[in-house]
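In the two complexes below, chain A is the common chain; its partner is chain B in one and chain C in the other.
Moving on to the complex of A and B:
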């Protein structure tokens, strides 16, 4: 029968976002834009203390305030509050200001408890804030260190950062009837969000909950369910008998919307005289907040025979971590890739060459990525001018501005996630494709019609894609870069089945076998005699009163997807030795994702990932005040992200491996960016800055700490 | 949200001064609003009466000083942007145009005023470095009469000035003479553009030798200051990079420096040195290019 996977016309091309115009013109309705009649606004009262106990709380104290409509207690007297921002209660009122005033007026008595605001503080204090270490090992590191040609020791680290979704967490909850609730939520999982709220209202028999998310402004792993605000908005809406909007404010987003754990490592590593990594020993720690771990993969990408790792999670009084774009991997890459560079420097070997010599034959999880990494390293090095322009670490040119180059690798899965779709074909030729997935800004809205059009031989605009609702066939949350694979497969298979039905009718009319038919260019025709055929409309008219509705699961699309990608990035930076300011001049990202479904969207994902990585490496840090435990930069002014002028030139290269099928690309491009930048900065200034973000003050401090070039550093 | 207040728009300076005399501490003057409105939102200021100067005539121009020379006077409502592009300022004192153009972003420059910045006394404001280096002075009016206050005297501390509640800065005077050998160099706070450290150099040159030198520093301490030690070390000297490097070292020593989320005191001290050096060397370069 048709097209993909045998051949492709639409998949692999550049198709602009179908909803682009709606978004840039402000017509796209996000959760915040849902203004239903009688809408109330809710705000959450949050703990003003980093650690406290509620002694007394009086929800009645807000009753009768202007606009007050409903109160909901999240925690009772006696509850412990684990961080500044922990949810206590919520109020719905007629206006946002009234809700804010009401929350402020709520009478609560706290017993303030001692808090911990940093990893060092936790480690120093010990006890139950320091979890039992996790040890993993293989081979014999001590023996390997004895035979090593080069050994390095270093400390590396990364601060906690937050997701900074441009659209904050939140929703509008609307009870259309006592057993019919609709949620307009900013979520990465319409299904799980609806299910989560339904599960919360066990007391309502036959409760129907639908989550509608036609557009959303970023989640990055932090929006997989209703969250507390989802349940609270639904509770308040039920109490008040009116729809309730509860969107977090920027400060709440920072403190309570999730974060990427910190990661610190003391590493000793060694290689033989060929540059092959022989021993890797790491003591690592980090914090994921007051109850989450801070695990990350290490050793990463490379697979030293002898390794030993001890990881310790420490707890601080801060909001909990959540998955964040390639959870753990940016940290793993950051630490591992700095170690690889330090070894290369110590041995006097080119860092690209050292990496090539260490590419693993088999990646732990996936098939070998060796040939892909080789291609990527080669292309990236060429594009950044690595071999002509890079000088050995610590080389000084005249004047305060020094230039440096660095590279790093990353890897990710990206398998097709669970997904079901339904393809409907109407007698008038209309085609509808329904899939209960969601578009996080990644472009799924455009992918769905592209795939259907590919299979049906139509134009993208001929397909009405319907996604972003839990009422459609379940398609799972968008995480792990699994959406594009799952959705492409289920849509393709549902479309194939539906097309088969059209073919059956057309075959009868044309007097041929269905197997002889082809659909292309808006026609259904006999493959051997293409002039013998019908227009799409004529073919569909044969359906009479019938509408085709065919569903498929992504599992039916065998061999059309894969998993396991490798990516390489190269950074060129300049560093002002006098002020410590780092400027990213250029970043080359070479990405691999099998079959590129939509080249524009795919490149856009890589740009976005790289930009997040640049922010991670140079600018972002959640900062907690030691004395109060409050975040001192819960905004976008003091938690400052890069502006376009801070980004430098970003060059994206997509490797095409269509034979591998579809693989997700949302997460991998953000993995190696910070590591490549850290290596470039070290190359420029000759010393390691101990942790990211590489702020000017830290760069200066690192330079000042270097009295004499250490043994082995500055050579090569 | 801004707490409720009375908003007045006097049509003359006398009327504005009357309002201030009447309401005293309870009133606040409003110019470009880019210092005051954020302060109101943060409830750092809570005046009962807001006296908007923008309808007061005669405060919006830049005029040559009547006594001749290259001096000029900038009215209280002249914006950063107007200073940045003023042909008169560019011809007579490019340093002032340079610092005005280095403030914030285009929106801020289109609203904020020189006088407002001075009266706001934000320790991270850019102008004070330049105003100190140029010996500028504020012309201060009240119902009690008029007085002149030097820029260094006017700015007393963090959001603190030498103004009485009934006083308005009607203009800022730049007496001159102004030399071509002048430059402003700063480290910008990433979001706002405010100076983490800013240095202005104003030099009278004889070849590569500085016969006179003024260096103003802002952003690093509660008050802007003249780097007297640097000036003394370089006055009469050839401005070689080595000499300047040596002279700026420790320029903020002995002062209580600001330490906050944006920069530690040590880092600010370092930035002050670097930017003083850069301002002096750039000024010297401009002076010799123009000579």
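Moving on to the complex of A and C:
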């Protein structure tokens, strides 16, 4: 069969989202939109204190309030609350407003305990909140520093940010029978969510739990299971005997829905006179909340022979981190790529050239990315006008507006994740493909029929793709950019097997061998004599009463996927020296993802990743009030996010490596963006800004620290 | 949100009768609803003043323009009369938040809105304005707080984008109350926390602003706003400047800063620095220096002295360049 992987008709083209019209017209039903008869609304009572102990809690205190239907205690008296937002209890009521009022009315007595609201405070205090450092090293750093041609020292950092899923975490839980529960959850893992809830109700024999997620509004790594609200909604629904909707509100989403840990680093690094990185020494720290770590890869992309790193996780009384789009990598890129730029500046070498000289021969994914990075750096530099327009760091143009350019690299795995699919072909020619994956907004709903149509020689619209349910063949959670690979392979292989069955029937009818047949353009025909064939419907009619149902695992599609990608991004910014305001003018993203499955969706992923990276670099910060430990900006007003006017021009280039097979693209494009912007800002103003986000306060502080006091910075 | 009754006032007399300690006015609702959802403002009654007769137009008046309190910010920004005679106001209006808010929000509501301070707008914090004991921002997270007029009990910045322009333009406001209407200069509308820590204006609970009255035009006026984002964002510092330039030198100047103090902050020192001199880079800088000379930044907002100075200098030069 000269089909994928040998050749492709549909894969690699631009196919608009099949559910695009449903989404923009509001017809697509998200978890929020599930309004079942008798639906109750639930809200969670959360700790108002950053650190406290429950002395007394009276769930009876909400009984008899208007609309009250059920109460569920999450924590008992004596429980410790580790952050402002920690879950205590939940109430279901007839209306959302009544549920809100009920949790406000619940009587709880707290013993307030001392809290920690910043990394500095934790490090100063020491003890339990500072974990034992993690040390890694190789070579001889000290010896390398002695022989260095250029040495730099710097501090770099990134604030905690939250996922800000447009659709908050949550679900509707509906017991259709005492042993039959359906969850309409906003999740990245329909299977794990159903399993998690089933495991919670061990007391129900033969419990059947199905999770239905036909549409969901963003997860970015924060939605891999039922979470507390999933278990609570199911508990309340069982108690009340009615379906319960529990969606987090925006402030809850910020404080309890997960976050990307902070990352700070003190780095000393050196290179030889050829610009080759010879020594890298880093002390790093960060917080992943009250119990999670804040690790990230460093050294990153580049592989200095001599390195030494000491990383310390510190705990603060804030919500825990969760995986967030390329966990750890944006932080690693941010720190490493600023160091590379600082070395280039110290040595007086072009930063692109210095990077080319340090490209790794191999990376952890067994394949050298060196030629890919080189091609990306070359293309990105050309597209941003690097060699013509970039001036050395510290160059000043007349007037307050300074222009700067920066670049950075990132890498990711993106191997095919576990996936199974079933392809059904009916005697009337109908084709159904079932896969228990989910579409996070990435476009999996469109990918499934594309791949099946490619294999079966049909049009995309001829295929009925069924995903977003744990009742379908199991496919893994959508994390690690593994979905497109796994799903493409299992769908392709199931479709091949099913097509083989059609061929068997058609071969008999046409008097040839199945191996002589081809399916293309809605026909099944003899390869050597294409006029000798059947329409797809005629071929399927040969099935009689039989329906073909063939399943496959992604492992059957060996050689059709790969892992290990490199990406390069270039940023052009302007900075107003008199206001500290940074404006992104242009960002060029060159992305590598092997075989592009759907060019339109693939580009969308890169745009989305870049936009998240812009927000990371310029705007986002989870700010805790130090005095109370409460988040001071759990909103979209003071938790700043870009709108189109803040994005500048974004240019996306996809490198085609179809021979590598499918590789995920969800995460890689968000990795180098903030680093490229930080380097561009430094290039513009001639000085490093302490940490991202690059706010006016920090930009002006960096400029003030550089200027001699008698000159009075910022005047003019 | 606490349950409330909703009433629609058809006339200012009716509005004043309905309003009171527990009955608040709603116009565009872009600010009030958030505060109600957050339990920060919990009225028994919400009185719509959107349908008051005679309050939704920009009309010529003897001295200049009479702007109804219900005129939408978007209409203010688009008004040919405002753009021509009072560019500082048109520019300020165009800077307000987002197009959505400009189309719902009114000039009256913009002047009377409650603070956007993150301690004030969240019930969880013990805010002095809401009856708390101290201002948590003074020693707390104050990157966006006051650098001027912050010697009182609260260090909020006044959130209005339009107020500084109206101060620079010497506007007056008409206030309706149970005893009838009165007129005050726009500067007299606002109060510092040390005068009244609970409110931002002199309005009694049963009074409303019905009109903004603009006098003779100031074609040489301008507003410059410094903010972090290009899109919808609160100003870090803003300045509105109105100039009269005769024979090459500044005959009159009015300078007002926004987002730097608990009230729109008139900069008399900057005005004095400009008067009698040609408007140049140097005199604009000297005036800008004078505008921030008394600044007393808090522990996280020293940078706002720079942004305020920049806003004043740039607004002066923009006003001088206007024809």
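As a working rule, the second predicted complex is superposed on the first by the 704 of 716 C-alpha atoms of A that agree within 3 Å, B and C clash if a C-alpha of one lies under 4 Å from a C-alpha of the other, contacts with A are read in each partner's own complex, and residues count from 1 in each chain.
By our rule, a residue touches a chain if its C-beta (ideal position, glycine included) is under 8 Å from a C-beta of that chain, and two chains touch if they have at least 3 such contacts.
Note that the coordinates shown come from a computational prediction; the quantities given were computed from them, not determined experimentally.
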Combined model on chain A where chain B meets chain C, clash or fit: clash
Which of chain B and chain C A:360 touches, first, second, both or neither: neither
Which of chain B and chain C A:154 touches, first, second, both or neither: neither
Which of chain B and chain C A:627 touches, first, second, both or neither: second
Chain B versus chain C as contact partner of A:48, first or second or both or neither: second
Residue contacts with chain A in the superposition, chain B compared against chain C: C
Contacts of A:638 with chain B and chain C, given as first, second, both or neither: both
Chain C-contacting residues of chain A that also contact chain B: 97, 578-581, 619, 623, 632-633, 637-638, 640, 696-697, 700
Chain B residues touching chain A - in the complex, by the definition given at the top: 1, 187, 190-192, 261-264, 267, 270-271, 274, 277
Residues of chain C defined as touching chain A within the complex: 1, 39, 98, 116, 118-119, 122, 124-125, 136, 139-141, 143-144, 226-234, 236, 285, 289, 300-303, 306-307, 309-310
Residue numbers on chain A that touch chain C, as the complex places them: 48, 84, 97, 100, 104, 576, 578-581, 583, 619, 623, 625-628, 630, 632-634, 637-638, 640, 642-646, 695-697, 700-701, 704, 713-716
Of all residues in chain A, those that touch chain B in their complex: 97, 578-581, 619, 623, 632-633, 636-638, 640, 696-697, 700
